[in-house]
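Order as written gives the chain letters A, B, C and D; numbering starts at 1 within each chain.
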Amino acid sequence: MTEPVIEIHNLAKSFGGLRATDDVSLTLRRGEIHALIGPNGAGKSTLIHQICGTLMPDSGSIRLLGQDITTLDAAARAQLGLGRTFQISSLAPDFSVLRNVMLAVQGRQRSSFRFFGNVMADRSLTDPAMKALSQVGLETRAAIPASELSHGERRQLEIAIALALGSKALLLDEPMAGMGKDGSRALTDLLDVLRRDTPILLVEHDMDAVFALADRISVLVYGRIVASGSVAEIRENPEVRAAYLGARP
Amino acid sequence: MNRETAFNLVLAAVLLAAPVIAFAANEPFYVALATRIAILALAAAGLNLALGFGGLVSFGHAAFFGIGGYVAGIFASHAMYSEPLPFGLPATDQMPVIWLVAALLCALAALPIGAISLRTTGVYFIMITLAFAQMIYYFAISWPAYGGEDGLSIPVRNSFVGLNTANALHFFLICYAVLMAALALTWRIRDSRFGMALQAARQNEVRLAAVGIRPFRIRLTAFVLSAVLTGLAGALFADLNRFASPSMMSWHMSGELIVLVILGGTGRLFGPVAGAILYVLLEYALGGMTERWQLFLGLILLGVVLFARGGVVGLVAGKARYD
Amino acid sequence: MQTALVIEQLLNGLQFGVMLFLMAAGLTLIFGVMGLINLAHGSFYMIGAFACAAVAAATGSFWLGLAASLAAAAALGAIVEVTVIRRLYDRDHLDQVLATFALILILSEATRWLFGDFPLYLNIPAQLSGAIVLPAGVHYPVYRLAIILVGLLVGLGLYLLIAKTRLGMRIRAGESDREMIGALGVDIRSLYTLVFALGAALAGLAGAMVGALQSVQVGMGEPVLILAFVVIVIGGIGSIKGAFVGALLVGVTDTMGRVLLPPLLAAVIGPAQASGIGAALASMSIYIVMALILAFRPRGLFSAQG
Amino acid sequence: MKTSLARTALAISLLMCGTAFAEPVKVGMITTLSGGGAGLGVDARDGFMLALKLSGSKDIEVVTEDDAMKPELAVQIADKMIQSDKVDVLTGIIWSNLAMAVVPNAVGQGKFYISVNAGPSPLAGAKCDKNYFNVAYQNDNFHEAAGNYAQTSGIKKMFILAPNYPAGTDSLNGFKRYYKGELVGEVYTKLGQTDYAAEIAQIRASGADSVFFFLPGGMGIAFMKQYAQSGVDIPVMGPGFSFSQDVLAAIGDAALGAKNTASWSPDLDNPKNKEFVEAFKAEYNRLPSIYAAQAFDTGTLLAAAAAKADVKDADAFRAALAAAEFDSVRGKFKFNTNHHPIQDFYVREVVKNDEGVLTNRIVATSFTDHSDAYAAECKL
């Protein structure tokens, strides 16, 4: 087995007396979708914040492609190839769809301190951006403002941005939330293709999508990983059934 | 050509034509009034870079305006008596040199002020920039070397190679050229990669960081550039009035600069020009009509905020769009 | 004698701080509940002082004047809220700054139109005139002690109002989540008007009480407004506790800076230059304190929000 | 603002015209008519207009505009009046920092400037100008008179304070120029400061025999009120501004008995002054302040000069101004070489007049035929 893309060791974070992340270890390997599930309040968001660099852990370590990124900020992690989408879409609303993606291309090229040259006439920005848009099927919507996109399209745009960033790993925070059935299916198909190039750490509530996509599943309850394994193993795990899937028939 | 570009060209043409005609008609005062408009538009264009494009509501830009003004004043007073400047630097009354020094000093001041202020956001940012400006204001008031609150007279306007700066039209043309250069620069920056990152920082800084661009550096750079332009305006303003004073740094001045930007249209290229034309003409016309002019000025400003969102440019050209 | 002087100066700092608290409490409440930056808050301070001076001159009673100042500032606050401020809640801070900046111009000139060009006379009530001797040989004006007392009482009252009453519960709900108070079935519009009028009344009270010590004139609210903003930013916007601590910090810093900096500098660089530079530094001291605090705590000492 | 008063003055002067020159004198009055300092500007404007009305010797046209205490605005208005309204003479500015902004600019364009109040030291000394006349005083004068009074009345220990800005430091330097006793305290306060508890505590602890303070406008009102109820009973004195008619009402009885120095007082015994005070009361229904008196003299001087010389003949008009042949409310009046007054300075005391209104009364003379310390630096 090759070296994991993301490797998290004994991560811990407390707020006051509350242990939001309690000795969490997990890995993301090449070519896989690793789903992270857990009930509300299990600490998924806190964990994602720490992986992305918007929150610093109390202890433990995070490595990306073998490099220790535990103390780096969000922008540095993004530059190293950690792409993410947000639970609630986070875009530049006044910008066109294309500009939103171009921003990521620019971030990848680390070329933000160029003060001259019209970006819209700059093929080195627009071409990769259009390519990422066509990957998610948004190329026809390139010119409209991001604020006018439908909910599902915003999800697609977020993924296009992550792709344009040239991400080595994707962190998707509930990408299916609020999507209709058709949208979910289209997105599932997209992720299925994407995983070949870019492994995905998928935080998701939609169990159908999780079971359809995931190679491995980890279950987070009260900040701890209570189980980790293949789809079948998780389905059968009594502890998981009791703690999390209990409500399901 | 879209409506906004057309309107911008009209503004630029009117601002150039009006004083030329006034000069020909032997009405030098209206040339001075147009010069004032051009200079205030330049100061507001500087602020617009930070406030309009970057969303950084600086309530302390008067500090840079004042620093620029004092540079012009100090150079002029030393050059007048051929005394060397502090640190033994040679004094000169050449505007380009003065502008360079004003720009450098404003950048030097804006760097630490911005670095500290940009740790905060929202109202905190508004207030901490005000605090820095107040510090500089009180320093200027109590600093006896250059006149304190009495200010600093500029006996003879600083000079510019090949032009007679005492001639109202010549001086206007200098200010107009600097304004147009600054607007061209703003335009190029707005459409550049840096401009895209800056405008993204205004809309969504988390998004910007998530694509690997640090908002702090982008904003700090914009803040410094913005301070430099406002400082240049300050140097010209002092030469226009032949006077630099601490009141250039007062919080009222900072407020007025914000008013100019909003009045014209926040984040619009020619917003500051439209704002300065409207504000100066209002002040002039109302001041000539009644001693209660501030009351009516207030009512008009209030009406603009409540009923004419997007300022003058927004009113004429509609909402800003990014292709 | 030296200790007495230090105690007296501390009391002065406390009194100044308490007065700033009255201004800052309203500002911070309005920002916390409605998310509004109100530059025109200083105008209510001015209105309070003018109302008090005018009524006291007409009736001869300071106390009637004080009541009038509360009523006038609250009423004007309510009118301004209903006609102007209400349209600004969903705007960004920029529009709020411009609109309330315009309100300053309007209210200042309107006041001058109404009350004339010259400062008005307002003196402290006879019952509170003169000074008393406190322990340690401190001479202190009764009226200033009364201001401290009123300020502390208002602070206590605000604390009780917000912590213990239904109105306070709604205010707290409004601070944490603006949508939630709608869900609680509260009429948001009248709650906002009420909070705004309350803030205005506190500013008016401060203006009236201080007007008796100072000059009742147009523009008197502006320096205080800037200081009140410094206070709430230091304290953390939206936090009454922060406003209280911030106000005392600013009051004591300013007073002690004025007293201590010039002689301290005189010992270092000689008296000739010290008085000027010391005074300049003293003028800058609170802004330096504010910049330092925000550099290390970008959301103030007790931020109520996030 | 082209005031109705201006029109009245114009109308009256037109009626009385007949002997005069064809060219009217155009006067631009820039003064503070809005905001906290408006009281001073309104008094100056009213005093000036009253003088024109009473003189009625020649057509003098006046345009008035508000400077809102902003130097930049004052410069703009001055440019407009000179270049657009084509005024011959400017006047009216109250504040030194505005005067410093406007005066060099105006005289540089060949216009006359006659100051009704502000008298910053550079304009009396090195930067004096042949076309700049100050009818009021040099800024240090009142303070020098107070220092001289403190010295001659044998006060041993003084506590002095002023705001930390040029006029403040000039003030204390002016005081110290004539007071040679011990200074037990010399304090500079923040400009615009309104709470003086800390300074009053220092005064109490200083053991001074008397306090001299220069706190213009609202600052002085605040200081006096707070001082009165602090229980400190050290007598205070100040320049006339601190106890001028415009602020006395606001200070109230706390001002009673305070000594202050000025070149004019409402009870100054000469016919012109009686006429002025009566006419001012009749016209505006209030007592005139020092600012009104100085502006009245400015107006009278201007009318007298305009009757003697054509303003278009700058040299003749300048000579007419410099001769100062007019009836001053201050009695005798003449210009020094630097075009600043040589005049007497009085010690006044705040009293209540017969109607119970607070006002000033002369109790002593501090200087006779006093000029200023900067005239030697003026190369006129």
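As a convention for this text, contacts are C-beta pairs under 8 Å (C-beta built on N, C-alpha and C of every residue); 3 or more make two chains touch, one makes a residue touch a chain.
Please read these numbers as outputs of a predicted model, since none were measured by experiment.
Considering every other chain in turn, none proves to be in contact with both chain A and chain B. Greatest centre-to-centre distance from chain C is found for A, with centres as Cα means. Taking the mean of the C-alpha atoms as each chain's centre, chain B and chain C sit 32 Å apart. Put simply, the C-alpha centre of chain A and that of chain D have 74 angstrom between them.
Here the spacing of chain B and chain D, counted between their Cα centres, is 36 Å.
Separating the CA-averaged centres of chain A and chain C is a span of 48 Å.
Shared interface positions of chain D, i.e. residues touching 2 or more other chains, are given as 33-35, 164, 169, 188, 190-191. Not a single residue position of chain A touches two or more of the other chains. For chain B, the set of residues touching two or more other chains reads 138, 141-142, 144, 292, 294. Interfaces, counted as pairs of touching chains, are A-B, B-C, B-D, C-D. Interface of chain C with chain D (complex): residues 1, 4-5, 8-9, 12-13, 15-16, 108-109, 112, 117-121, 123-124, 129-131, 139, 141, 143-144, 210, 212-220, 223, 255, 258-259, 262, 275-276, 278-280, 282-283.
The part of chain D that touches chain C in the complex is made up of residues 33-36, 38-39, 42, 164, 169, 186-192, 194-195, 197-199, 201-202, 204-205, 217-222, 225-226, 229-232, 246-247, 249-254. If you check the complex, the residues on chain B that touch chain D are 27-30, 32-33, 36, 138, 141-142, 144, 147-151, 153, 155, 237, 241-243, 245, 247-248, 252, 283-284, 287-294. The part of chain B that touches chain A in the complex is made up of residues 188-189, 191-197, 199-200, 203-204, 206-214, 218, 221, 320-323. The part of chain D that touches chain B in the complex is made up of residues 1-2, 33-35, 65-66, 68, 70-73, 75-77, 79-80, 82-84, 96-97, 100-101, 104-105, 108, 120, 122, 127, 164-167, 169, 188, 190-191.
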